[in-house]
């Protein structure tokens, strides 16, 4: 069985493990206040072209989403999200468990449009009884979205401008950031994100690290207080160095860094899978140009492929067919994709 | 500078790293539903002599404490703790952030006595206005306590009996469990804990692992629902295998397991430090027989030792002296302790 | 200006005020532990035909909803509601502020069907990753719903049976209970509700009282602990007697009680309004047979009526027309309805 | 039995009831947006000598405390309180239920001193690991304190200055405000409180109203958002007019207002009780010059008085004696105090 069912089915890129082994007996302070974390912070600020940014490291995505939401928002505020957003669907109500309603907007392509955000925010403030509903305080976007699509620089810019003019924090979930930034379809850089967002994160777990998410933010109060939020939400790793070591390893060397190389590899393998389906006349559900591909397969086609490959059922397309998801990752072997493509051809 | 300021200043025992490297390219399911985690569960149940126990893995201590407290308690219940308990002092109000008051009882030696628990619980229920105060729902003990002391089997047994007779969950924080269980002063085993507690955890982070805490529980509703709580509190590691691999490595081989070996090593090194202070006529603050030792040092003595050694100021003893803490760990080199003992002798 | 914009625009029925004045200098215990509250409890249990029921009094609806949800649910559970349910729309995220996600199901007529509840619950438990979403723990219904419609006994019975078979609490919001129970369309009694629900409340605020909601429940743990939840949520009125006095006044005399008389009066006045619109050829949005009526009015019709009458815009119907709401209450004067009917006729 | 066991054992001053009856059929908007509330706001601003203040009305004390704390604080902040403070002792963990730890400081006389606040705040910020403990964000004082003592203007001024210099909100719980302001020992006015505090409230429940607390604040963000917090915490009364009517009635007429008259009456009656005990040679526990008096009585003395009078056991004084509490209120009849004084004389 060759697995394409998620992008976290292996451990970490060997360079990461090497770095952990190499530094294992160095004695450092705990909780992310060590030299490795400092180095990683410097590297990230350089990528973002802004040496005043706050950078903090957490272990996982749900933890990061919740910590950001609860740290930035006031108790009576909620967060606007696509209804398909990870925080609305797959986090066991974690944002709500910290007291914040997810204001879920119906999304046709897994992304939020400026228009939707605007309508939602204006409907709130135009309602004479607005205090009877949660005050919108933040906009949450995933980059790439849960279905692999990304935002253009133009889209992010207009959303950012609206948010700033309307006291809404703009928060970008970057659990799969690398796959987005290195997509052929992408015209956005980390420096753009640092400029346009209030807070975003660079996902390590799904792009080569054992685990780890690097949160980047501007807000002054958060410079003073975000670490409290991390600790309160159980996200402050005792051996914080593990996060610094991994992110330094991933992001060192600017545009040539390991993080981009690994993500590009995954995107290339995903593009091969897409091409293979398309050549076979099998329709793709959307135009994802990242590491997740969503062919529309009949039950029969699914059964055939499932004999040798693991993939995920994403949803129902019509009576005969489902949308399914194939994920590649930094760890996907070219031979595994060869085998998959061969099987697709035989469908 | 040789560091004795905490027990998490290095990475992990090399066997742990080897195991991670060795398994790195195995493809597994995420979220702790892989074969490594299953193996670790089986091993832990065997240690506990009870194959019906629930076993789940989390990343860190604060996260684990909060997840357990919030999963087990009803919204209107609080948790009884020594005022020096980790949940009351060093978790940025994390239990309160989930809605639960810590009912902090003054503790002379860092531990709770049956008498205190009883008085607190009876005072609550005898108060005609008891619903104006938080309902006690759980007793939280640390084993060892934050000051290195442990509970005897007799003490745990009587506390356990009282808790069961009075609808109080008994929860034991085992962030440093290994150092407690292998202490010369200890007559308690994992099987005892599994029998006497409702829920406890075996700490990995401070005893040889990169990170990780293994929660063990009996409660039926928790068998069904504890994983929801983990996910909701951001504690469900995507690559959950990392936890299974580490705990299997640490706890395999029963009484001869790596976990106990590492902990014993730390305790022996700590005993050498204690002996050295005592021989020098320097008084120890308490009778800790685990990996943390607390000599009472004058400012001058502190300054001298601080030239070459890192340790932590624990509190004020009197006008001239402070209590300070020296920690050993699985990673403490015997030569480092030699150097410290030599320096103590020269004080 | 004659107001039909809500059912709480006046104070209380004069008998209520008389009772408050009459008892004003009686000295009683606080917090609902006085003889007036005891009398009201007995009266309510008699209506419900079950003298083992727990009965507690709170001040307002949002407070009551949140207290019930947070008291009954475990931290990792959510509450299933129609998307138009009051808890989902008009409580400023109060349920979420206590940590519980509202699992909002799209509703065509403002009510939930057994089918919807079933599909939602089964989809959850059939999802292999169910712990990544909130565990359904309760079903919330409003009786009448926010749009005036009610459930039949048959509907409530099948929902109740499903809930009991599937570990879901059934909670009925009765903020407008009186208007529902006395509707011509209603075949449900308080005794039915007490039998079929786990917890429901009898709304006073909108049916003749100054304020107050009487919560009725069966659950044993809640008998022991619901008052903690009330106090913790700020709902325990110091002069709790005020609630007991009002509910005793409203519900004394069984089927002939003031509560039903007042509600019937409102329903009759509402029926007159409905008839008036219908006679005029103006379509009603739904079949509400309670105190809220929803005609579909053009902008022009709205403007004309708005000269002398206050009513609420409920939503957009089509390009030309809106759904608007006219509310009657226990306090609606027959002459006011005469005037409104005359104005409708002239449209 | 004549009751002196609390200050909320009767209904409301007859003028309040008259006002409610008089206005009963006026039709108004709900939720505190009516003309009565506006009038009360204007009156309160005049008392406070500041027409820019925010004024909002809630129903009860716990509700108000929690709403203020949760509205003003960020998620990672806690509130400093005397350990005897109402929020720490008698609110069923309500502040913690909104996520905020009460940082309880031991208090000898039920009040907080500048020195204590300063030490607590400095200890926090001087701790290198300060993010491992809750960030102090607010100071909570009760005026009068739970034991009847008050703060002088000089004390409040220095606390206020320290708070402003250190980013701590100063919040004064005024559940018994009237009894404090009209105490002979008091040199503080509402205008002083409005100047020195960030937020405080004027308690109605215990000083003549049926219920109600009027919150007064300066903060700009709260002007925009405090009503969200009220609604979210279930404190927004549907018939908000009831609060406006009561506070207008109580506070109309400046220094000659009913509120002060009622409070003065209670204080005078309390002074008579105090004098009676003192004359009898019975020691008072503290120097309270407000409506609560705390004699130290032997068991035998308690038994004798308990035959005809209800009072509250406050705590143990020594083996033979307890501190007990006698409360007067706006409703205490002079004849009742005559009877009590006669009984004291006979002890």
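By letter and in written order, the chains are A, B, C and D; residue numbering begins at 1 in each of them.
By definition in this document, a residue touches a chain if its C-beta (ideal position, glycine included) is under 8 Å from a C-beta of that chain, and two chains touch if they have at least 3 such contacts.
Please read these numbers as outputs of a predicted model, since none were measured by experiment.
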Number of steps on the shortest touching-chain route linking chain B and chain C: 1
Higher-contact pair (C-beta pairs counted), A-B versus B-D: A-B
Relative to chain B, chain with the most remote C-alpha centre: C
Rounded Å distance between chain A and chain D, as computed from the means of their C-alpha atoms: 49
Rounded Å distance between chain A and chain B, as computed from the means of their C-alpha atoms: 33
Mean-CA-position distance for chain D and chain B (Å): 42
In chain D, residues with contacts to at least two other chains: 75-76, 91-93, 97-99, 129, 131-132, 134-135, 228, 231-232, 236
Complex interface listing, chain C residues touching chain A: 75-76, 78, 89-93, 96-102, 129, 131-135
Chain B partner contacts - residues on chain A that touch it in the complex: 2-3, 6, 8-12, 14, 17, 20-21, 23-30, 59-64, 66-67, 91-94, 97-98, 205-206, 210-211, 228, 231-239, 241-242, 331
Touching residues (chain side chain B, partner chain C) in the complex: 31, 70-71, 73-76, 98-99, 129, 131-132, 134-135, 221, 225, 227-232, 236
